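Consider the two complexes below, in which subunit A is the common component and subunit B and subunit C are the respective partners.
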Partner chain A sequence: MEPIIAGLINLMTIQGITLVLLGLLGGFFVGVLPGFTSSNAAAILLPLSIYLPSEYALILMAAIYAGAAFAGAVPAILINVPGTAGAAATALEGYPMTRAGKAEFAIAIARMASAVGGCIATLAVIAFIQPMSQVALTFGSVELFIVAVIGLLLIGSLVGDQPVKALIAGFLGMLIAAMSADPQYAQPRLTFGFIELYDRIPFIPAIIGLFGLTEMLLLAANRKTLLARSFEIVAPTDGIVQRSLREIASSFDYLLRRPILTLKSTMIGFFLGVLPGVGVTLANFLSYAEAKRTSPRAANFGKGEPDGIVATEASDNAVTAGTMVPTLTLGIPGSPTAAVMLAALYMHGVAVGPQLMVNYTLEAYTVLWALFFANLLIIPIGLMVAGPLSLVTRLNPLFLVPIVITLCLIGAYAVRSSMFDVWLTIIFGIVGVIFRRFGFPVVPLILGLVLGPLAEANFVRAMLLGQGEIAYFFRSWTAVGLWGVVALLSVVTVLRVVRGRDAS
Partner chain B sequence: MIRSNVIAGAICLSIAIFVYWLAGSVPAMTATDNLGGRFFPRLIAVAMMIASIGLIVTGLLGIEISGGTAKGGAVKSEDDETAAPAPEDEAPLYFGWFGAGELRLGGFVVVMAIYTMILPVIGYIPSSVLAFAALIAIAGEYRPIRVALGAVGITALLYFLFAIVFQMNLPGPSLF
Partner chain C sequence: MISTRNILASAALVLATSPAALAEVEWPTQSVMLVTHSSAGGGGDVMLRNLAPTLEAKFGISTNVDNRVGGSGAVAASWLVNQANPDGYTLKSVTPTQLITPLRSAGIPTYEEMTPIARLFLDPTTLYVHDNSPFQTIEEFLDHARENPRDLSIGIGSAGSLDQLVLQNFTAATEIDARTVPHEGGGDAVVALLGEHVDAVVGEPGQALTHLQDGTLRMLTVFQEERLDTYPDVPTLAELGYEVTSNKFRGIFGPPGMDPEMVEAIATALSELYEDDPWNTYWTEASLSAAFMGPEEFTEYLGVVNEEMREFIEGLN
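Let's look at the complex of A and B:
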């Protein structure tokens, strides 16, 4: 209990609260802007965060994460173009509500559901992360190796629409991570003579290139601009205080009358968020499908049913909390934004993995509280900036793209004052563009970069400890249980491929 | 046949074979060393070869293996970001084999590469002004005064942010 309170007190400083507010506003901005995700924003901010203490950098990123998760719903509801992946299902009900003249109510429901779902899920993480990390602490090299295998299988079984492409991307990430000195004898391998690679491909240029630069290059190619034709809908010019209070009251009342739907959607988001790399889209569509299946007004779904928005938005923000669990207990990113947060930890010299919750307990709880307050503040801040938010969708990338590209390149340079890192950023940016053009997901590549060294180091260690005996890989009941999960996920992967082939 | 899958699979297969071959040059430390530095990259390379062959074969047979993830709407996803064209997207223009978008993307990459080359030679400010002017022009703003003002303004803004606010090390000129 003590570290939980200490984390709360640690956040309650002027700097802490200011960073939550700044991050939330930044998250709103990128969430509304189609073609931009919280991971892009966090990746671009990554080099700047080196000048902040590690927990402040993470506070900023956590708040961006929460803000973007809600704000993606605004363009989804107003113009049927989701600002983030998590808002895709929201558009199914939100846009029909806008067409029926209920845009205000739809946004109010989305705001309240995001806040409630996010807060409940974050409180659950705060309450249970310590016991979970205790379990993670019992993991030896065998168990950690199996966890890495599970992460790899999750790529194939659950990530995205293309399991084979996702697996290839994951393997490629692991191969890129293998371009280093090998962990056993420190022999350079696949380094092409670059001494900079001996300590592995630096994670930060990879993240900045794959998220920030790729996005900007694609934006430049498409020259997307979006029309926000609904500014006046969400920017009332008179009676704003009364109307704001009325909106908060009515949306809160709406959720109170649907406690099971809200809790169920939150739980779906939370548990799918815990699985690394699964992605928010799956959680949202599952929540949406479950709400539709159990709703007495199932016939209204697709025509502007607010219950659909409650389901998708509550699970959307719950996912952000869920992703913190593998990130903080195992050092495996639960989502792209969590991967950027891990990169920030690497940058500050923090050893990630099961020891993180022991050595950096205060920082971990501070970040979790930041996520909680960011979710809570979505209600008032989201209400205040609703009008300007919709204007963001009018931004012309003519100047935005050059600015962000330079931010990416100079940012990559600034971390180690290395031009090599700038070249790497460009290469990863191009790789990201090629990936997207051929329909390969980028997230498994990042997971591969993280899982590769984890799998290799622990596999080699386990083989040495077990003197090459395969039986050593079944040394504990935990290991046996984890192998059971591996078997289950293998079956799911095969079934998914077979079913996908049949469907085509 | 799904041509893009076949091409992508062939490229990935080539990469995997190349890595497998390259990993063979990692020296083994002892005569009985089966788990030296070459083992892991080769293991992953083999797995990638199998997956790539799967992609090629299914591509040749015209089978698109799409998993069971629910889909819907125009979605910009963190793991599959293929957003539908926005209402205000420009009309597609083609110059020979390439569309205007591809040419612009190529132009951006070339400018980034040149920028990275000249950055340590002439320093942050002159190289950034030149790079910004080129990027803004490629992005579609051709009016010289706006290009010049934009390039100088953005360079100054980022210099203020990086060098003054965050006191970062910016690349200095080695030429002067």
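Let's look at the complex of A and C:
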């Protein structure tokens, strides 16, 4: 308990709070721009951080991390362009809300859910960091494989009324993800001679293409939207302060009335964040699918359901907190941004690994408290920043479309300075248009892209480790429990399909 | 601001002394761009991000680190060959990946199309087990493996990597049969060992540094000619009579068509950096051995290593 409070006091200095604010603003900036990530921003800071005390550098990076996790939702909601990979699922509900004239409420919900999810998960990390690190280690290939299977099963709850099209989309996603060097022998397959594909299809161009570019191409193709502005924005009639306070109150009230949804999404994000190598995208889509599966308003999902935003954004910021567990206790980066944070520690001669929490207890808790306050400050600071940004929806599409397409392509290029990724974005944009025109859902495609490689690599490893014995897939209580979830989900999905058929 | 002023100052200096500059090339006098194929936080990235402030402090220039990630280094390699300026101010970090990737797939620039400037370090490859493992020595490990073929699983960072080559040479030389389990990078393999999902890992100590220091993991052997300074009690495999050594080098390449005098000047400048901080802290903390080679020696060395890699890659297919 003592080091936890000491860490809090250590952060509560002018410098500490200033750094949190600066990092948060930096995080907003990179989060809003598609293709620019918090790991880029943190890496740019890395050479500067050598001149700062090690914990100051980490405070900055933690705040950037939290800020970007929220800010990615803003363009996802406003123009269907996820600013970060973690915001892709947010676009599914956020953008329809914008089209219905509820952009500001969608952003308010995203902001509050990010802050609440981030704060709760960070407190969970502060309280349980040591035992959680052991949980991360019990997850071997078998357990990760079953997590991937659960994710694939959840496609079932997202299929809507077109199960065949959803399955086609899901398998297409896995097929596209298979265009890579295989995980066991490193032999290229389906790469058509493109060396860029060895490490698999990069994810950010796919997201930018399928969401942002597709949307802009469809807007441009529709004469009506080009000639007349289609989005309705309610003009503010009262003072900015009152309106802001009301926005905060109403979004907080919205979350308070959904305690189970908020907590469940936070838990999913937190746990998947703790597991190294699972990734933020899976966590958010799982939260989304779970929210839809259990929602009384499941039919409204995809048409602008605020519950969907609560699920994805609470999970998104909870993941950032969860990744701190393997990073600080094992020296294993839970995400690219966490890897840069480890590199910063390394440059300061701080031994990362299990002794970090022993030898640098104060610094570790200071950083965790910085993450907590960065998440908390998302509410007021995010309010100031997001307000002006939402004006973008009042732009005439005639100007909006070329500006956003340019931003999308620059963002795709920026990830790794690669023209290949730009072409990839364009291809995914066209795929997205075809999907929309013929009524194929895009979410199973993305889940296939994310889950295919996770399932394959861990399955291959598990087969090697278990010498091909099926029994190895039931080697631990964790594995057995996860298989139980698989069985339960399968039964529920089948029952719903059968019942749905009876009803119709 | 400071670095801008310094650039101007050094540029003025070069102009003023240009006849002398013709005779002897000075490096660096302007901003240096450092390119790596590894992503933020990866091995090559961390190396350059430590080199950058060292160069800035010593020469008063500015620097810029650029991550050109993708295609197992192929993206960065083709950029270096086709688009980089060969004026000596665009440099790239290299590892054996730069040799392996072109061997795996035709059309990717090889080391012969670039300018090898200097080898800086050797990264030792080692074998380690978990503290709970029954094996206290490499002999016990080998005995068990001989008596129980395919019982032991050995994790490596990724398929088709240098670690796999070392592991393959190790099992061939010691005549054991163990299962090779590739992961998504060295850190991932260490996680699997910490969770005791694999029996051992073949990799660099740097990726498991603190776990080795606090005794959670135990190093059994080193695949190089001499014992490590940091682990003087761990025998090399050569001491048991098996000649298995790894050549995981870290160095610097430039674009094709560089001025040989410039190449010499860069190599000389790099050779004099080992004692400067944060460079010194970086390589000592990471258990790297300083293994400098100038351009000519490095090129010869690359030729030898490349042949070894070629046999390995062809053997995989």
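We adopt the following convention: the second predicted complex is superposed on the first by the 277 of 504 C-alpha atoms of A that agree within 3 Å, B and C clash if a C-alpha of one lies under 4 Å from a C-alpha of the other, contacts with A are read in each partner's own complex, and residues count from 1 in each chain.
Criterion: a residue touches a chain if its C-beta (ideal position, glycine included) is under 8 Å from a C-beta of that chain, and two chains touch if they have at least 3 such contacts.
All figures in this text were calculated on a predicted structure; none of them were measured in a lab.
J.: Which of the two partners, first being subunit B and second being subunit C, lies in contact with A:V401: first, second, both, or neither?
T.: first
J.: After superposition on the shared chain, which partner residues are touched by A:I430: those of subunit B (first), subunit C (second), both, or neither?
T.: first
J.: Can A:L342 be said to touch subunit B (first), subunit C (second), both, or neither?
T.: second
J.: So, does A:L175 touch the first partner subunit B, the second partner subunit C, both, or neither?
T.: Only subunit B; A:L175 stays clear of subunit C.
J.: One more residue to check, A:S39. First (subunit B), second (subunit C), both or neither?
T.: both
J.: In the overlay, answer first, second, both or neither for which of subunit B and subunit C A:D253 touches.
T.: After superposition on chain A, A:D253 lies in contact with neither partner.
J.: So, does A:E469 touch the first partner subunit B, the second partner subunit C, both, or neither?
T.: Neither partner.
J.: Give one of first, second, both or neither to describe whether A:P441 is in contact with subunit B, with subunit C, with both, or with none.
T.: It touches subunit B, and subunit C stays clear.
J.: Please name the chain, subunit B or subunit C, that touches the greater number of residues in subunit A.
T.: B
J.: Which subunit A residues lie in the overlap of the subunit B contact set and the subunit C contact set?
T.: 39, 47, 181-182, 184-185, 187, 277, 336, 417.
J.: For subunit B, which residues count as touching subunit A in their complex?
T.: 4-5, 7-8, 12, 15-16, 19, 22-23, 26-27, 29, 35-38, 40-41, 44-45, 47-48, 51-52, 54-55, 58, 63-90, 101-102, 104-105, 108-109, 112-113, 115-116, 119-120, 124, 128, 131-132, 135-136, 138-141, 150, 154, 157-158, 162, 166-171
J.: Where on subunit A is subunit B touching in the complex?
T.: 34-35, 37, 39, 47-48, 51, 76, 79-85, 88-89, 91-92, 158-165, 167-168, 171-172, 174-175, 178, 181-182, 184-185, 187, 189-190, 215, 217-218, 220-227, 277, 279-282, 285-286, 289, 335-337, 397-399, 401-403, 405-407, 409-410, 413-414, 417, 419, 422-423, 426, 429-430, 433, 436, 438-444, 452, 455-456, 459-460, 463, 496-497, 499-501, 503-504
J.: Under the touch definition given earlier, write down the residues of subunit C that touch subunit A in their complex.
T.: It comes out as residues 39-42, 45-46, 49-50, 52-53, 56, 63, 65-72, 74-75, 78-79, 101, 104-105, 107-108, 150, 153, 158-161, 179-184, 187-188, 190-192, 194-195, 197-198, 209-211, 213-214, 216, 278, 281-282, 285, 316-317.
J.: Taking the complex as given, what residues does subunit A use to touch subunit C?
T.: So the residues of subunit A touching subunit C come out as 39-40, 42-43, 46-47, 50, 136-141, 181-188, 193, 195-199, 202, 276-277, 326, 330-333, 336, 338-340, 342-343, 346-347, 349, 351-356, 415-418, 420, 457, 461, 464-465, 467.
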